[in-house]
Structures are given as structure tokens and as C-alpha cells.
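I'd like to ask some things about the structure below.
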Amino acid sequence: MSSITRDEVAHLARLARIELTDTELDHLAPQLDLIIGWVAQVSDVAAADIPPTSHSLPLTNVMRPDENVECLTPEQALAGAPAAEQQRFRVPRILTEEA
Amino acid sequence: MTTEVLDLESALERYDPVLGLEVHVELNTASKMFCGCPTAFGADPNTQVCPVCLGLPGSLPVLNARAVESAIRIGLALNCEIAEWCRFARKNYFYPDMPKNYQISQYDEPIAFNGWTEVAVDGKSYRIEIERAHMEEDTGKSLHVGGATGRIHGASHSLVDYNRAGIPLIEIVTKPIEVPGDKAAAVAKAYVGMLRDLLRALGVSDVRMEQGSLRCDANVSLKLRGATEFGTRTETKNVNSLRSVERAVTYEIQRQGAVLDAGGRVTQETRHWHEDTGITTPGRSKEQAEDYRYFPEPDLLPLAPSREWVDQLRGTLPEPPPARRIRLQAEWGFTDLEMRDVVNAGAQDLLEQTVALGTSAAAAKKWWLGELARAANDSGSDLNDLGVGPEQVAAVQRLVDDGSLNDKLARQVFDGLVKGEGTPAQIVEARGLALVSDDGALRAAVDRAIEANPEVVEKVRSGKAAAAGALIGAVMKEMRGQADAAKVRELVEAKLSS
Amino acid sequence: MSDLTRKTAAELSDLMTSGQASSVEITQAHLDRIAAVDDAVHAFLYVDTEGALEQARSVDERRAAGEELGPLAGVPLALKDVLTQQDVPTTAGSRILEGWRPPYDATTVARLKAAGVVILGKTNMDEFAMGSSTENSAYGPTHNPWDLDKIPGGSGGGSAAAVAAYEAPLAIGTDTGGSIRQPGAVTGTVGVKPTYGGTSRYGLIALASSLDTPGPCARTTLDAALLHEAIAGHDPMDSTSIDQAVPPVVAAARRASVEGTRIGVVKEMGGEGYQPGVEARFHEAVELLTKLGAEVTEVSCPHFQYGLPAYYLILPSEASSNLAKFDAMRFGLRVGDDGELSAEEVMARTREAGFGAEVKRRIMLGTYALSSGYYDAYYGQAQKVRTLIQRDFARAYEQVDVLVSPSTPTTAFRIGERVDDPIAMYMNDLCTIPSNLAGNAAGSFPAGLADEDGLPVGFHVMAPVMRDDLVYQVGAALEAALAEQWGGVLMTKAAELEVSR
């Protein structure tokens, strides 16, 4: 596979909401490139006719009845909040419109 | 700056609109999609949350069986194939109202797909192909504080309530809808209205658009008349009523028409409908298209509804809308035109419920399509959102039937109902609308009218019976309309012939 | 009193039921031990002195009142800091959760409490369980009690070290690619990864959802089995949890026999890259089992070698999504909220400040592998390798009952030796990873010390899904035979740790 550029890493960092420093970007690009080159060997054996496995268990239809259970109290819910106001989680101003 | 719009006729002359409607339905389950928190609307903030729907570290989702049942029934009611095996997927993106910063949804394996339904507009039937219906969870709700409008622009911070995070949603997506351009907006409205009625009949949702339990996003694109390639589409959100569906679609056709006519290109974007100003405005354009990095949800197991279960659920479906429409029309004795008017007004369910309470179909139609439709139009809302229900309409008609009210007075009662003044009985009392039934008072009024109008009396006595109308009018005026006109005529005639 | 810390959990339980010691005494003895040696070992991130003694008191009271208590009631335990314990600091070894006190107990923790187990505190780990040496902890590394300059393994180095340092007879770890077994191997203790789904993930701070498995750490196989039974079983709060009876692991550990057991030596897990001393102890162990009546053959699992690269695609992909919730909005660290910066900026700064280098590396990797255009090439392909590995196992289990290999290619390396070489670090998991990808049960049991460096070597036993009992049966048989040779389990050969008081 093609090598991963610093710009691509910067793009990934944006997608993952991590503000990497320039130094980190410099270091990560070649490291990721190396690792991606190494993991790419999965393609050597993963032929088209092999079905992918997403679960090791052959379970299906795991569901629960439509019943209410005890919730957290608002105090418990907000206990770990970095900031709270009016029994809600206070967050900094949001730039992007709701999707 | 006002956006250019083309007049609709010109737009439809040159372009064919193609629509895609995405409807989100909030299910009326007792608990959330992936946890046991309650779902009741309007609770105090953050009182219906748990580690799962708050997305706390270590929490895991467990699927609500009734949500699956509702999803399958919705799919069946839309003539869809129900997947023999399907999975959930994670849709990854960051947003403060998303506790996990991914939404558990379904990607390329929806529970239901390849269906169809029919809507009627102006007596003609249009078939709408359904691409898919899938399950997903709702987000929390944010209050934006500090800006002028309560919206994001200019806000200094936001306050987030996660009560609605995790509420079960079914998303229903149509295939591209291509109907004659002049019918497009009406078909869109009819589709959403039909869907609402269907979902209510299934008993899976409250389907209150104004409460957000039924949401519509309208995708609109134009293609050049005669072309095969689709144009660029926009997605319009905040379409909160049936009326808005029609208006927003119409507006987008006109707006995009103007853009294309001027030689420009339609921007692929999400737009926001404004009911008050009747326009769409662009949402914040994103720097890059979102990459949702979908992959199968590892915390949930695949769903493989047995064919036995699907068949059992098929048996619980209500009558399909076209068959129901035919049956009701026959029961009510309406002409095709009358039935069409009822359907167009979205009043079928309301009439049915009113008739079930003992009102005649004709009377039910008179009020719903008359007084109440007018009131709805005036306030720009739907018949369903007026705050007047079948019980009240039936109650008013009962008062007319038993002689307590006449039509004119009944109309005033409806005015009071729409204004939220109370029950019909309370309104009659408070406004003093009861028909005067006291014969003595009526006779006295008749006497006074006869005394005051000797020329009219002369005319009647000389053979011009029609002239009595003026006397009846005079009595009605004195009684401020609160008399049964037929009875007054009786008394007048009796008096004059004596 | 100090010899209370040398007892096994089973022995402690006997002492309590016979009235010779109370849980409070036992708990205090272990708290004293922690105070004496943990400055050097650094197995613990948080010691819950008050909470532990309270739990101990409660058990003593219940016992005194004549209540029927389980086999682990009153026994102390160290809990890997990746499981939520209500109102107790839970960090997952990361700065981003510094000070966070969960409002709920993980199911595993609830079961421990119900069993009367005394939770002494939370143990150190690689940040978000990403690592094989505990060097990725944001709170400093843990030191191997066998040689304090050496790594204790990872990601659950703290739990294994706590057990190896006699700070607790029992510990809970979690195993995603070897994080219980590899630390067990390099610290001379027992570490078992139950069948995936056999123990609940509810309350386990997720790394790779399709691989994470809580499991027991102890100094003996029987102790590990007792702990296994205390925590295993179906959990309705975890959709991936198995709804079947817990395999009879305690009975199997007591049986401790390999008479007639068909054992397959994995051909591909040996040779180049494996330390001679590790291989020597491994082959001796195999010979020993043969003498005890096992039928040993060599089995080829040709796709096992692809397990490592597949794992390092699947794990980062799932983890990149699992770690998205750490965004400064609802809990945890928040950096940069000055009233000016946007939520998006605060998220990005917080994650930059709160996540360590390995975590960032794997998040980037995972984000890449899942990106549009790359899914089929990377994550999609890796999931196919999983199928191939499961097939290798299935074919093997047609011929044999269990598969064996060394637990790790090398003994404990020096702290700092591999931090700059991620792929060299990943190689630690060569032997353990295939079981995670297939969901099988597997465990590491002490096999001896390597000649080169006198450091512990682990013997790795793999069994089919829901046959965890076979893992314990073989492990216990080996343990018993070796104990005969050594006069006790391997831990008894360890040098005394210097006490800081």
C-alpha cells in the first residue's frame, strides 16, 4: 500500500479530534507508515472467498424485554461532569451545526 | 440579501424535480433502544439516564426487543422484505449531544428494505418505492445559551440534556421519487401524512411532528426536462409539519430553478427550513465531507428474525391504507370528490375517530373540513395540531343534534375550542351561546318583530310568504342568533295565520 | 502475621472458616505488605484502605453471624484499573480519567463484592490496556518483582506484579491480546483468559470490544480457578456474554491430570525469535506432560502468524471508536475551556493532553484502517484472517484436546528497552493473540526459569471455546508435577523483595 504522508496523518488527527503537535505529526507519519506496511500482510492470505468474522461467538438475536430499570440520579450523572449548569452538562460553544 | 427564486410554473416547465424523503420515527417503547431508561417526554433534564445512554466508560448496549418488533412491523406495513440476517453498525462522528461520539445505527444491512407504498393526491394514486427502514438511536438535546436566537450562532456555551439520548428511532428512506413536477410537493406532503397515519395505526409511535416524534428531511434535486442524470440534491431539515413539507419542497424547487437558470450549480448541502419566513437557508458548510468510518457494531450480535416471528407480526398489521380508504368511503357514503377532499386534508383518521363516537360522517366532515380546516389554515398548523380532538367535535355535534346549538352557534364553540377556552359545555356557558329554548321568550320576540314591522306583516298576509324571512331575521337578530331558526319560522307563521 | 501474605486464597479461606484468622487481619496484613514494597514495585495506582477494611469487617460479621459464605469470602484481591468500581478512582492508566469516580460497578466487580472478596485497590496498567509492558501507563511503570529493572508484562502488569509481590493472593486482569497471560508468564504467576463472553464486559473500559476478556491472576492454578468461577457466567447487561453454564474449572483444577489428554504443540510457535531458555523450559514441560500420560503431537496452524498483523488492525479500529467518548464533555479531563475556545477545540486539546503516545498511535492507525476507501483493504481483510485462524483451531481440535506453546517468545526485558520500537513491542503477543482472535480459552502457567537470566518462563495452554476446564486441568497437572521438583510453586523460588520500611 502507498506510504502515509504527514498531511494524511493531520487529516486523521482531525477526524479523531486530537490536536497533535508538529513534532508528533513528524514522528507519527513514518511510524504509522511502518506499521501499516507491516499489517498490510493480512492481504496475503485474506482471499475474496473467505467470509469475515466480526464475532467469535455464533450468537444471534440477543435482546432484552422493553422494561424500565432504575436510572442514575441527576447528581450521579453529573458528578463527573467537568462543568454543569441547570442540571445539564455545560459544554463550550459548539461550532458545527447538528449533522 | 434575498435569495432568487424562480416562479414555480417556469421552474416546472424546464426542470423535473426528484425527491427523496427521509423520515425518522421515535418509537413509543417504554424503554430506550439499548438500555432500560424511561422514555416519557418532558422529564426534568438528566433524570432519565444511565451509564449506557450517557456513554460512560465500560457501558454496553443491549437491544430492546419491542423496538425490533416495531421495526419489523413498520417494514411489513411498507411492503418491505425483512432481513434474514442483519447487524448494527457504528456511525462515527464527534458531537457533544452524542454520548459515545458514535451512533449505533444500521449501515449496509438494514432490517427492512425494498418496499413500496401508495399515496393519493387529487384522486390519483402514486406509488412510492421504499429503499429501507432501519433502527438507530437518538441523540441528546442541547440548549444553546448566549446567542440572540437560541440557535448555535453567537452562543457562548451549550447545556446538554441526555434524556433523549438512546431513544429508539426508525429511519425510513424512500428511493428517488419522480412524479409530475406540479404534484411533487403535494405527493411529498401526502406521503408524510400517510406515513403518520400508518404509524399511528400500527401503534408504534405518537407521531407528533411538533414534538419531534416524527421528523422529515426533504431531499430535492432538479434535472433538466428530458435528462436522465439526476441533479445535485440538497437536504432540508427542520421540516416540522405536513404543511412545511409541501412548502419546503416547493421553495427548494423554485430556489434551485433560479440557480440553474442563472447558469450556476446547486451546492450539495444541508439546508434549514424556516416556517416563519418561508425560505431555506444553508447550514454551516463543513470543510470536508464527513467520513463516518462505518464498521459492524462489535458490542451487539446479529439480528436474524425467524420467518415464523415475521409471519406472526404480519398478522398484527392494520388494514393497508388504500383498502381502508375504499371501505371508509363506502361506509360514509361519500362521493369520490368528497373522499379526496378528506384525504387531501389529512383528516381521514380524525373523521373515523369522530364517527366512532357517534357523529354522522357528513357532520364530521362538515366540521373537520370546514371550520377546523379554516382555523388550521389561519394559524398555519395541521388539523392534528389544533388542540381540538374527535371527542370535542362529537360533543359539539351532539349539542346541535339535541337542539342546544345551531350551526352558527356551533361555529362559535369551535372558535372557543381552538382558542383553548375549555370544553364545549364550558364554552357555551362562558360565552352564553345556548339556544334559547324558552318558548315564551321566543313568542315575545316574535310579537315584538311583528309589531315593529307592519309593512312586512301586510305583505305576508297578502300572500308573499317569503317576506316572512325578514321577520324571522329580526327575531334572530334580537336573539343574537341564539334561536333555532326553524322554530322561529314556525312561531311566526303560526302567529300570522292566527 | 506476615506469613498470611504467603498463603494461597484457598489456604486463607480455610484459615477463616476454621477461625484461625479474620478477614480484617488478612486484609491488614496485605495492606502492610503493600505499604512495605509498593514504592519499589508500583503495582497499585490506588489503595482503598478504608473500603477494603470495611469490606473485610462486613465479611467477618456475616461469618460470625453464621452466614454461609463462598470460598473466596474475605480474601483480598487487586483489581486492574480498567474495571469500574463505584466511587473509587478508575483511570485505565490514563491522565484523561485522572480522578474519575464511576457511578456504577462493573459486573465483575459486583460479583466479587457479592462473593465477599475484599478489593484492596486498583492496579497499574498500560494506558487503556494498550501495551505489553505497563510502560505506557501515564502514572509510571510497574516493576517486575523478580527483577525490579524488568518489565512485569502488560497491559496488566500491575495485577500480575501485585500477585508476584505477595501484595494480594488474587488479582483481576483483562486479556485482549495476552494482557493477563503475558504478565503471568514473565512474573512466574498463573494468568487465564476465559472464553470470550465467559466473563462480563459490562464496566470494563473497552479497548477492543470483540477481544476484551476479564480473567483471573493468582499464584496457583486452583486459586485462579476459584476466582474464575466467582466472576464468570452470563450477564444480561452484556450482549456478547455467553448464556451457558460456567465450565467446571475448579473441579478440573483439582483433577490436575493429563492422563489420555491429547496435546498439540503448535509448530509455528517456536524457533527464530524465541529465546533459547524459553524454548528449553517449554520443551521440558511438554516432556513432563508426556510422562504424566498425555499424548503429544505436533500440529500446524499456518495462519497463526497472521494473527499479529490482523490484531493490530482490528484492535486499533475498534479502539479508535471506543475511545471517542473521552471528549471532555461529560466526564474526565477538560483542557482549554477558557470561554473562547469551541467545544471542538476543547475536545482536540483535551485528547492531545490526556492520551499518551501509544494510544494516539493506535487511534490514528484505527482511524486510518476504517476510513473510507481503506475499510476493505485493512479492517475487512483482518476480519477474514480471523476466520482463517478459527479454522486452524477447529482443524487442530479435531486431532487434539488442547494446543500448547510458550506463552511469550522471551522473558521479561528491561524497562525502556523496547519503547521506541512499536513492532518489537507487539511481538510479545505472538503466542497469545490467536486465542483472542478465535475467542478460545487459554492460560499461562509457570514453567520454570530461563537459564540465561533466571527469569520466569510461561507455558501456554489453549482450549476450545467453553472448554476452559481443559486449560485448568492441564495447567494444574503441570503445576503439581513441577511443584514436586521444586518443593513448591515457582514463586517460592523468587528472591525476597526489599522492604521499604
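Of note:
For reference, chains read A, B and C in written order, and residue numbers begin at 1 within each chain.
Basically, contacts are C-beta pairs under 8 Å (C-beta built on N, C-alpha and C of every residue); 3 or more make two chains touch, one makes a residue touch a chain.
No experiment lies behind these values; they were computed from the predicted model shown.
The leading chain pair by number of C-beta pairs in contact is A-C.
Comparing per-chain C-alpha centres with the mean over every protein C-alpha atom, the closest match is chain A. Between chain B and chain C, the centres computed from C-alpha atoms are 56 Å apart. A separation of 38 Å divides the Cα centre of chain A from that of chain B.
Per-chain CA centroids place chain A at a distance of 24 Å from chain C.
The multi-chain contact residues of chain C, meaning those touching 2 or more other chains, are 100, 102-104, 210, 236, 239-240, 324, 327, 329-331, 339, 343-344, 347, 367, 371. In chain B, the residues touching two or more other chains are 51, 54, 62-63, 94, 96, 156-158, 160, 291, 293, 298, 300-301.
Counting partners per residue, chain A has 15, 17, 54-55, 57, 59, 62, 64, 72, 77, 89, 91-96 as the residues that reach two or more other chains. Of all residues in chain B, those touching chain C in their complex are 51, 54-63, 90, 92, 94, 96, 99-102, 156-158, 160, 291, 293-295, 298-301. The residues of chain C lying in touch with chain B in their complex are 83-84, 90, 92, 97, 100, 102-104, 106, 201-206, 208-210, 236-240, 317-318, 321, 324-327, 329-331, 339, 343-344, 347, 367, 370-372, 375, 379.
Interface residues of chain B, counted against chain A in their complex, comprise 29-31, 35-38, 44-51, 54, 62-68, 85, 87, 93-97, 139, 142-144, 146, 152, 155-162, 270, 272, 283-284, 286, 288, 290-291, 293, 296, 298, 300-305. By the touch criterion stated above, chain A contacts chain B in their complex at residues 11, 15, 17, 54-55, 57, 59-69, 71-74, 77-78, 85-99. Those residues of chain C whose C-beta lies close enough to touch chain A in the complex are 100-104, 196-197, 210, 236, 239-240, 242, 303, 306, 309-310, 312-313, 320, 324, 327-334, 337, 339, 341-349, 351-352, 355, 357, 360-361, 363-365, 367-369, 371, 377-378, 380-388, 390, 422-423, 437-439, 465.
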